[in-house]
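The structure under discussion is supplied below as structure tokens; questions concerning it will follow.
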Amino acid sequence: MATKINAGNFFEDFRVGQDLPHATPRTVTTGDVALYTALFGGRYALQSADTVAQALGLPRSPVDDWLVFHIVFGKTVPDVSLNAVANLGYAQGRFLKPVYPGDTLSARSTVIGLKENSNGKTGTVYVNSVGMNQHGETVLDYCRWVMIRKRDENAPAPEPVVPDLANRVDPASLQAPAISLAGLDDTLTGSRWRFEDYAVGERIDHVDGVTIEEAEHMMATRLYQNTAKVHFNQHTEGQGRFGRRLIYGGHIISLSRSLGFNGLGSAMWVAAINGGAHTAPTFAGDTIYAWSEVLETAELPGRADLGALRLRTVATKNRPSGDFADKGADGKRDPDVVLDLDTWVLVPRRG
Amino acid sequence: MATKINAGNFFEDFRVGQDLPHATPRTVTTGDVALYTALFGGRYALQSADTVAQALGLPRSPVDDWLVFHIVFGKTVPDVSLNAVANLGYAQGRFLKPVYPGDTLSARSTVIGLKENSNGKTGTVYVNSVGMNQHGETVLDYCRWVMIRKRDENAPAPEPVVPDLANRVDPASLQAPAISLAGLDDTLTGSRWRFEDYAVGERIDHVDGVTIEEAEHMMATRLYQNTAKVHFNQHTEGQGRFGRRLIYGGHIISLSRSLGFNGLGSAMWVAAINGGAHTAPTFAGDTIYAWSEVLETAELPGRADLGALRLRTVATKNRPSGDFADKGADGKRDPDVVLDLDTWVLVPRRG
Amino acid sequence: MATKINAGNFFEDFRVGQDLPHATPRTVTTGDVALYTALFGGRYALQSADTVAQALGLPRSPVDDWLVFHIVFGKTVPDVSLNAVANLGYAQGRFLKPVYPGDTLSARSTVIGLKENSNGKTGTVYVNSVGMNQHGETVLDYCRWVMIRKRDENAPAPEPVVPDLANRVDPASLQAPAISLAGLDDTLTGSRWRFEDYAVGERIDHVDGVTIEEAEHMMATRLYQNTAKVHFNQHTEGQGRFGRRLIYGGHIISLSRSLGFNGLGSAMWVAAINGGAHTAPTFAGDTIYAWSEVLETAELPGRADLGALRLRTVATKNRPSGDFADKGADGKRDPDVVLDLDTWVLVPRRG
């Protein structure tokens, strides 16, 4: 009787060009939105109120961009990263279409690179993953690379292929929703700051901190149907490297995004993921803070109402963000830094 | 570069008559209702089953009154109470219209009183807050007063204005939903007790106790988009007055309301908040019990099917409610009492 | 003034043939579904994606069978098991109709047996419980027996009536949804295993373990409006038999069902409950594992597309399931086993 258990793919199971259609499509509902609000406390007006979305010409509030990301990411886990040692990076991520409650998301990935590590025990797998809605439209497209264990250390190393990934998404390629910002009311968004008010080099301390509980990160990660074992099993993890369940890195992204409302309340869309690194593990009981820096500003072709800010967002654990913890003079990242994320967000222009 | 952080208003920022439109309108959904059920376990039939609501002539189950309250309250926090030392009281609260899933709530407040404290460091701010639906109809109207820090102790004290707030809502002003209770089935509500069965002075021990977890109160409070810092940040609060995250007082109100089902299962609407005080802090790990006393009964003009009970509900922590913990002979409240709430609820009449 | 508190029925309050209509009908929503996903992480495609359900001819994703069970079970608690010492068993359970978001569930029970224990302090109550939708159609029908305290040890023992309950549901009586599996895509379900691939005697280790938190099991149990005291009150339970809040046995069933996806991903419907026993208590902090054994396979009359597997699912706490913990040579169950559940599930045929 063949085993019926999915043990996931090991490094030697991947081939460049391989197509990985992922299981378990997922209808996103207002139930998911409510849970996401309860877990992260988002206050961006567009995602909070159908009336705000409708005033801008959308049918209703779209689902938070990062909730879309986490659901798509979750689908890739059983095929891509069940045997991962580390999630190494993201690039070329773009949110292409709004997702609404009632939409059904599915995902597939293509292997775009492979490189065995010199120790012969692991290798890096590069994938391009896309999330699609029920109409077959791509709503999210991103690349990720991850270090995967080999099943058999004697398996031969593949020809190394390292894809040439852009270190930033070209702002001319950003997809802005088809909306009209003419009627945007700053009172509703809770922020009077617009595109013109942000300057390259500006740093924003998001001030607040949020402590994470085991129940919260596990509920969030299950909501995304993400099955990575390290998040859920204290019986095993208690005997592991950290002695603790490890929190899904995406949990810190979502917390940082919610904390970022204070200072970036009008940054209603995440348009692109230029890059990102989960630089240190987090555990239940940790308190997360975040700060952001404006790396670039960009006008959008044909859009007088919206501009793009390229933001670097840094999250720390158990250390307030007011001193902007970062890399030191020696180039080493402060050990309190747990996330270093580079995104494009869209912000209304003063018009 | 001006700071983009909302530091909230300090006592000297308020003016009597000041209008505070609050940010982040919020579409309430069945997702919120499900979470509220999971957090508090409400069993009132009208809010639980669309079929019950429809049998009474409503389009579907309305959203729990206190969930409406918490969402509206949450919107006021960034403008009213971000720098609060203490939430002092409520008065003249009325629930005026049912709220249904799909409705979008927004809120605004008017400053109706100011009184600096003699220490010159803080003052009391009185506000009248209203919650509105997407049609601009007021669904909730209440007054609250709160002690707020001054930013600058040298700022001059304003002329004191203390509003004259009624110590109870006139029952003739209560808004009963336009329903017909002719077909109400006591089996469905789980309670055979009706208006005529309750007597002034009667005390009801609600018997059960519920222990609160950190994940629960934080998820609830974020669901309301309430950003008060003391509820979320153990890193800071661990060094603070209590060494613990403080639980939002409204969490205790909702728990008490759910506990109150046992003895008051037919009390399907909260119609008014006469007053309320959060008399001691609560923390994760505390077990909440509650008891109620009937303070008054009132017939409603033109309604033969419904009557109003004025209830005083007292919640205790880590002390069963069977001995009706209360003020002692010396007038001091028992330190185990954490909530003292005065409401009008509507109850079917025997007809 | 008569007490208005529901103290529940005691053993001597039950009569054979007694009809117990239960309170608080409950409209199930996508909010409940989202919470259930967050709590258990189910990945069965049919329940996850409306598109999958629609491709099979259903209007949308049905609600997970066990969520339906828990909601119906929860309604029975105030009348049947508020004074229970132990939940002893289940038999003859059948899921008869899909439940969809928007449906309203109600429940009633009939007492089908009574037997006082020789100690004169407790007795076993047997009930047949049914869950109905808003059209009065039965969606779930099951028997359960439970040990209940007597209020008065001197109350006379009733004539013992022990119903003759089948030890398995006849597979010819299973209700399969009216769907067409012609278009089922194994990629979507995440499992290429079909009816023909499972053999009697086959054991499947579901591999993964999940640690339970207090907030999670309490939120789940409240979501079902299950009011059994032992799950919620640490203040009382801390002084009780275990010193801990006891986790609702149904929580372990749902966890096992979700864990079972790994190896049984195509087993999209639970059709029947042949029997089940909660063999040891579980507490927050426990990590649950599960394994299953195929006890029988059965073709379904007139269905070439679907077959039934009779599964025994055993859950353990803090012990991986790879060694298939079970009864020993002495017939005693391993103390790490917490659930022993016997169900029929429906699985697509290779066609």
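First chain written, first letter: the chains are A, B and C, and each begins at residue 1.
Here, a contact is a pair of C-beta atoms (placed from the backbone, for glycine too) under 8 Å apart; a residue touches a chain by one contact, two chains touch by 3 or more.
Remember, predicted model here, so these are calculated numbers, not experimental data.
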Using just the Cα atoms, superpose subunit A onto subunit B and tell me the rotation angle to the nearest 5°.
120
Interface composition of copies subunit A and subunit C: same or different, split at half:
different
Rounded Å distance, subunit A centre to subunit C centre (Cα mean)
36
Identify all positions of subunit A at which a residue touches two or more other chains, and write them in rising order.
29-32, 34-35, 213-215, 219
In the complex with subunit A, residue positions of subunit C that touch it:
29-35, 37-45, 48-52, 60-61, 187-191, 193, 197, 199, 202, 204-211, 213-216, 219, 262-265, 285, 287, 318, 320
Which subunit A residues qualify as touching subunit C in the complex?
1-2, 4-6, 21, 23-27, 29-32, 34-35, 78, 102, 104, 106, 134, 213-215, 218-220, 222-223, 225, 227, 229, 232-236, 245
